[in-house]
Amino acid sequence: MRAGPPATLGEREDGRIEGHEQSEGRERPIDRPERATAAYPMTETADTQPGWFSSEELESVRGRMPVLYVQAVPVRVDESGAVTHVGLLMRAGSDGSFNRSVVSGRVLYHERVRDALLRHLEKDLGPVALPRIPSSPQPFTVAEYFPTPGITPFHDTRQHAVAMAYIVPVSGDCQPRQDALDLVWFTPDEATGPEVREEMQGGQGVLVRQALAFVGHAP
Amino acid sequence: MRAGPPATLGEREDGRIEGHEQSEGRERPIDRPERATAAYPMTETADTQPGWFSSEELESVRGRMPVLYVQAVPVRVDESGAVTHVGLLMRAGSDGSFNRSVVSGRVLYHERVRDALLRHLEKDLGPVALPRIPSSPQPFTVAEYFPTPGITPFHDTRQHAVAMAYIVPVSGDCQPRQDALDLVWFTPDEATGPEVREEMQGGQGVLVRQALAFVGHAP
Amino acid sequence: MRAGPPATLGEREDGRIEGHEQSEGRERPIDRPERATAAYPMTETADTQPGWFSSEELESVRGRMPVLYVQAVPVRVDESGAVTHVGLLMRAGSDGSFNRSVVSGRVLYHERVRDALLRHLEKDLGPVALPRIPSSPQPFTVAEYFPTPGITPFHDTRQHAVAMAYIVPVSGDCQPRQDALDLVWFTPDEATGPEVREEMQGGQGVLVRQALAFVGHAP
Amino acid sequence: MRAGPPATLGEREDGRIEGHEQSEGRERPIDRPERATAAYPMTETADTQPGWFSSEELESVRGRMPVLYVQAVPVRVDESGAVTHVGLLMRAGSDGSFNRSVVSGRVLYHERVRDALLRHLEKDLGPVALPRIPSSPQPFTVAEYFPTPGITPFHDTRQHAVAMAYIVPVSGDCQPRQDALDLVWFTPDEATGPEVREEMQGGQGVLVRQALAFVGHAP
């Protein structure tokens, strides 16, 4: 349905999760906070239950306020914590092209940032990836994706998204799910090289280099 | 109009700015991004022009997705950058009580985080406060305000707000405007003392102590 | 031999490691860098081989330049990365008193900061503690210990030490070695409470609270 | 006297400051801490009074323990805090070559990190540069310079130096002093371009790109 440039921050998948199964755009009941008995209730259920917005509502909101995202740069580390590899997802665009990306996704209503990180990492890397979510909420950077290109290095045709970005060591076995075709591990040199750069869109290549700079590599 | 507990993150003022002057809840035209010729168009006009959401729409969105905020802890620093004082706003609650708070406000659609910081600091501290917005987008912490208390130290009865928090040295003359009655400068010891703690709500006292910890003080 | 107040940053142990086995204060051969075939050669051997300075030399240097340390606050985290417990070492002072402390130690010549962290964590927590050294060299704070009290919250009678401080999740079994009597895990509330505060010296209680503030807790 | 490759971290100047005026390598009196009535006594006097080490002593220490440095990347910022320019010093090497560098220098005994930053900025940029020293001691990175190349991106032929690196907005007029020939302001694009890269040694070009990554630019 969405022609034009592929969405930088995983639009199709996100949209499907949150609105696809709804038939008549019905609203989430207004008493949501009261129903939430656990602290972060969406973590396990977000992938299967009807979303909080209909597709139309989400589109409408996206044109009028910034949408909060988390982004995770998966890395392999050695015993001393030094980054040896960066993991990038390979996705197929609707036009047959391929692109690489980090793990991204929305923070849902009443969800903690760290639970959103865990949920999206499990969704994209599978259930046994063993991600080590950072203990501090301080992101290494905040990436601001604007629908208008050129304001920041980040660009999303569809929305104004503000992504808190984290570096997440992953020690387990990664099994990409859903619409990600593959996860490939690159050395820091490969990840900052021209070939990989060309396969990343919307500034995600910049984000990867910012992440590598932050862990002490030459970006 | 809003009975019940006072809003932690400056509800009344925010709501007024964004929706009060609209008479029939009309939507912002859909072509907004294209009209935006400057990089951050809302900075100067947000206080006077009709908002993007009607009050009803904003309430509806607030019950269904996290709302992105910035918070600024204003500080006085000496020549070496060491924090000598923390500035807290004094506001009157609708029930006649007083409370102290840091500078807070929403990030608007198509607005950079640093422009939101600047806008809210000017709004709360006046036009000659000379705030020094940080050069890095990395916040010192991310404060997650949930409508359900106890999930984090932060709580907002009205919404799920995610606030990127920054420490902002201010060197000019501060003239609180709008609904802030006063700005008072406290030494780090005073700001973490029991008296000031009691006058801060929704976890803002925690945020102030986290800020002081981050600049090297005993929190 | 060292009367007076116990050293904040693990003096006795450090001194012993680096100088005890030397009989005549002999200098390390000048060609050290060339002999170092691995990138970080001291990691495994620092505990047993003669140090680079004699005790007398180290004392002399300590009175004339700042000494670089690392400090690690060991934490237990849950699946989402949230800190559930802080680990504090219990040590006996030479005067029979007890005190609690985080993991601390010097960075040696030609040793990376991350290798110094790993070495000191293994030394204090044993070989199967499985510490997760941070991937970024950015510390959560820098604690400056001065021999003169009151300049910062940190104080060391013996030296001017500058410690880069990190929060280190530990997932394995901890077996304190050497002069640490025990490692005790405290909840964040316990770790910031008055009892534990009184048992920490030289500002280490401040450091623990700064660490907890940084991971999102009320300090 | 120092043939071979120019020192990365400002050796000649530093060495002169600390040892040049001493005629017989006499030691600093042992009661130094007690004499220090002010919190950071060296700030004003370090450039003129005899240093704490003789040149020979300093060389000896440099071969046996890491030496603590601060590095400051001077930047110009706009009203919103966004970095518009990076300032690089131009120095002449002893062999007639030129190289560009950021502001660097040792932290002296009993000197706070923020005072060392201020002192070195004043020394290199003059008395009216108006640097804004960060309020937090948290550096944006820690650059580890090893005498052995290849361990990190940073290299110093002369020593193992550990530099806490900060981004420092400078709003005043810069008048380079001492052995710096000039200070030139570059746009972020220029500062990361190939020409400037080639003129920076020992990994300082990497440090500049890490700094730009940290403030949100494409490195």
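Letters A, B, C and D mark the chains as written, and numbering starts fresh at 1 in each.
Everything that follows uses one rule, which is that contacts are C-beta pairs under 8 Å (C-beta built on N, C-alpha and C of every residue); 3 or more make two chains touch, one makes a residue touch a chain.
Everything quoted here is computed from the prediction, not taken from an experiment.
K.L.:
Have a look at A-B, A-D or C-D and name the one that copies the B-C interface, over half of its contact pairs being the same.
P.N.:
A-D
K.L.:
Shared interface numbers for subunit B and subunit D above half of all numbers used, same, or below, different?
P.N.:
same
K.L.:
Using only Cα atoms, superpose subunit A on subunit B and state the rotation angle in degrees, rounded to the nearest 5.
P.N.:
C-alpha superposition angle, subunit A on subunit B: 180 degrees.
K.L.:
Report the inter-chain centroid distance for subunit A and subunit B in whole angstrom, where each centroid is the mean of the CA atoms.
P.N.:
27
K.L.:
What whole-Å value do you get for the distance between subunit A and subunit C if each is reduced to the mean of its CA atoms?
P.N.:
Each chain reduced to its C-alpha mean, subunit A and subunit C end up 37 Å apart.
K.L.:
Just the number, please: Cα centre separation of subunit A and subunit D in whole Å.
P.N.:
Here subunit A and subunit D have centroids separated by 38 Å.
K.L.:
Quick one: which residues in subunit D touch 2 or more of the other chains?
P.N.:
In subunit D, residues 112, 136-138, 140-142, 152, 214, 216 touch at least two other chains, as defined above.
K.L.:
Make each chain a node and each touching pair an edge, then name the shape: line, ring, star, complete, other.
P.N.:
Looks like everything touches everything, fully connected.
K.L.:
Given the complex with subunit D, which residues does subunit C contribute to the contact?
P.N.:
Residues in contact with subunit D: 27-28, 30, 32-33, 36, 39-40, 52-53, 60-61, 63-68, 106-113, 136-142, 144, 146-148, 150-152, 160, 162, 164.
K.L.:
Inside the complex, what are the residues of subunit C that reach subunit B?
P.N.:
Interface residues on subunit C, with respect to subunit B: 141-142, 152-153, 203, 206, 209-210, 213-214, 216-219.
K.L.:
Tell me, which parts of subunit C touch subunit A in their complex?
P.N.:
Residue positions touching the partner: 40, 75, 77, 79-83, 112, 114-115, 117-118, 132-138, 140, 167, 169, 214-216.
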